[in-house]
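A, B and C are the chain letters, set down in written order, and residue numbers restart from 1 in every chain.
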Amino acid sequence: MLSIDGEPVTASQTDSVAAALLASGRVSCRTTAVSGAARAPYCMMGVCFDCLVTIDGEGNRQACLVRVREGMRVETQQGKREAGR
Amino acid sequence: MSTAVALRESYDLAVIGAGPAGLAAAAKAARLGVDTVLLDEQSSPGGQIYRAITETPLRDRSILGADYWRGADLTASIGDSGVQYVANASVWSVSRECEIGVSIGNVARIIRARRAILATGAMERPFPIPGWTLPGVMTAGAAQILLKSSGLVARNRVVLAGTGPLLWLIAAQYLRAGAEIAALLDTTPRENWREALPHLPAFLASSYFRKGLGLLREVRVRVPVIRDVQSLRAIGDDRVREVAYRTRDGAERRMPVDHLFLHQGVAPNINLANSIGCGHSWSETQLCFVPVVDEWGESTVEGIAISGDGAGIGGAEAAAQRGFLAGLDAACRLGRIDRTRRDREATANRQALRRAERGRAFLDLLYRPRISDRIPEGATLACRCEEVTAQQISDTVALGCTGPNQMKSFLRCGMGPCQGRLCGLTVTELIARARGVSPGEVGYYRLRPPIKPITLEELAGLPKTDAAVKAVVRG
Amino acid sequence: MSESPRNDYDVAIVGGGLVGAAIAWGLAGLGQGVVVLDEGDVAYRASRGNFALVWVQSKGLGMPQYASWTKRSSDGWSAFAAELLEGTGLDVAFERPGGFQLALSERELESRAGTLKRLHNQRDMVEYPYEILDHAEIERMLPDIGPEVVGGSYCPLDGHCNSLRLLRALHVGMNRRGTRYLPNHRVDRIDWEGGEFRLATGSGQIRAGKLVLAAGNGNAKLAPMVGLKAPVRPQRGQIVVSERVRPFLRYPVVTVRQTDEGSVLMGDSLEEVGFDDTAGLPVAAAIADRAVRMFPLLRRVNVVRTWAALRVMTADGFPIYGQSEDCPGAFLATCHSGVTLAANHALVLAPMLAAGKLASELDVFSVRRFDVPTSS
């Protein structure tokens, strides 16, 4: 069980955070730092950098490369990351 | 699972990437006595094609098919070969002297090797259609990864669009997993048949023919397939809601869609090789840059070999054979076996490689994506990360900007975190067409480490020489 | 772009970097017919390797006239940026909030204070304010500095811009003013015959009434062809670039600045390595180390790029502006600070070049200063 934007979400052990996010019915995971456009995971293999989310307080993590963990806090992102977070 | 702490300071051979080529090369070399480390970015071996093969939640083997499960032997071969397999290892730098910058669990280390084999594989070609950045638009490969790793299929309206064998494979796998596909929009240009036809006999004699035919039949019986599709557009606001396209008769049609999966082939992931300074050449057939390698995979940089799809697209079986050859060559160059033995043992691999490559020319030419699908226009984004449009790039060529590196400094395309992986080919082709020269002449972005993100803290913790500190700290 | 070259240019400028493009834009604005010759996509290009500072603070130790020249450019930069914006629609994001050099040890701080004291004690040194501040004073302006910052120097005249956008704006601007830009036209030889300059490139010959050498490190080879000398050498400088983050650093620090786009640039290095422009990890590590000690909140921020460029260093570090006596009409302009001096190059130097003569205030920058004195 992890949380996405404060809401509890179940996921299976082999899920990446991106998979868990998509499986929960969410369509997008962030808005861009350039124009504020909504983005979502695109390639699922770590090359597109569109699946960026904040994980346990740390921003710009590639959700498709991080495996879910019990108690993980995932937050969708708006625009630029905050330094120090 | 190894951590940065368990990783040693140096090895004979470092293999980067645990797809078929990396697994084969590492196992072969290690069995011949080479002290080998296999660095895998993923948490379990298999690369992309055999993704999650040791832990997929899909219990029904028929969903993914026999070709996928063939990879199980390769992954198992690592187990007792003597290879040190390190998962969750992100390699962000390789120097010409084989110093490897790798991060595990957010700790960066430099390890040394006498030789390195890059087996970082391929990635999907960019497919820059209007709206390709909308949530709900993904690559067909992404859909496949979700299925393999998590047993997930997209619900609601799914449309597949593009060209290439993978499109049919994922369609079949989806159907077997119980999902529905609203349509498959095939963008294969009808004209390609003319170029591909001379290679048809070899294709018919290959294993691709039987498998391909089987997939086509399997999919066509359940999914409406629309051929000769052009002018794809993903339409929506905060997510994709419709896909528009034209067929040969010119009329634009639209259909509602929740998930649009795009695919028009794969290209070698060259960022690491590029950052080392390995030479590359443009392949007009495969429409991508390919590292220059010899018959064993040795690149233009001494001590660095490149194997598998990362050295040129050939598919999983060819990748494995090339991996075996690279492993043999490494063992020879490191003095474990002599040339005679290397050449003798290579014979079987070369035969298998020829068999695996048979029929590929036909596929390459038949599924060669149409130029209008590769080169966007107007407001369509060429660079997703920095949101640079095709029009901006064309305008800047008109200003006198002749290549991708100047273009990068003028428009920031290629400066985002993906480091050109999703825009490099597009930008090069855009410039080439605007200038009327070949993409080979235009060239590609020049990359530098880190080719994967590392934190400033990690970078700061790396060894610094006195000379380096002196060069930086000045009164 | 690949039509046959014309023969009737007023000025041919060799080099399309920040120096050449600024001069071209200025000259074209004065009605001169200008052609700019540039190399190809992969060339050394110091203009891509700068830190984008418009900096006054430490310039001119050993040549106070350089401090004056620098301050003049800094004072004129705002108007320069405004003119570029009007002519091109591109905002080069110039800001002059003042800038810092930070010290991570008492020794660094003392050294810095000493240098600035010597600088301002020079005869003929232009006056402008600066301060040496301690940690607490700096923290009031830079709240995110780390505990290791002992203090630093601050000068209200320092600023920065978006230098890549600056280069782009100069190119768009010079293009709109009718400048001909010829990339892939490396100049191999220059002859002066019959009062005109003939430039031999791989793609044909260009002729012009006047010549400006603005080819950075390439000037060394070209200058003697027209009776000039350009004692310049490459100096590698490396930069580490982060992903975009929310604005936290309003003031540029000489080794850490946040761009208008949000990325953080960290630098830099001074390495004498000939023409090797490959980035090295030990230097990048040293740069990153100092940056996170100055601003600990950067620790977990990702590096997206490192960069090494060959910058231009003259024999004494000061610009060289020269006019040839053997070949009247040939000029040389080379410097290390192409960003800071861009305003001067476009608005002060260009008019001199248009008139065909450098003003006497630039005599101090002439290459003759390197001549060994003949009398003892």
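Everything that follows uses one rule, which is that a contact is a pair of C-beta atoms (placed from the backbone, for glycine too) under 8 Å apart; a residue touches a chain by one contact, two chains touch by 3 or more.
All values reported here derive from a predicted model rather than from experimental measurement.
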Weigh A-B against B-C on C-beta contact pairs and write down the one with more.
-> B-C
Please indicate the chain closest to the centre of the assembly, with centres calculated from CA atoms only.
-> B
Would you mind pulling out the distance in Å between where the CA atoms of chain B average out and where those of chain C do?
-> 40
Taking each chain's mean CA coordinate, chain A and chain B are separated, in whole Å, by 23
Could you list which residues of chain A touch at least two other chains?
-> 60
So which bits of chain B are touching at least two other chains?
-> 416-417, 453
Please set out, as single numbers or ranges, the residues of chain C touching at least two other chains.
-> 243, 298-302
Going by the contact rule at the top, pick out the chain A residues touching chain C in the complex.
-> 33, 58, 60, 79-84
Along chain C, where are the residues that touch chain B in the complex?
-> 1, 38, 40-42, 48, 108, 111-112, 115, 164, 167-168, 171-172, 175, 181-184, 240, 242-243, 261, 266, 268-271, 278-292, 298-308
Please give the residue numbers of chain B that touch chain A in the complex, ascending.
-> 41, 43, 48, 52, 55-57, 123-124, 133-139, 141-142, 145-146, 149-152, 238-239, 269, 384-387, 416-418, 421-422, 453
What does chain B use to touch chain C in their complex?
-> 93, 95, 99, 101, 110, 277, 396, 399-406, 409-412, 415-417, 419, 442-443, 446, 448-450, 453-457, 459-465, 467-469, 471-475
Show which residues of chain C lie in contact with chain A when the two form their complex.
-> 144, 243-246, 248, 262, 264, 295-302
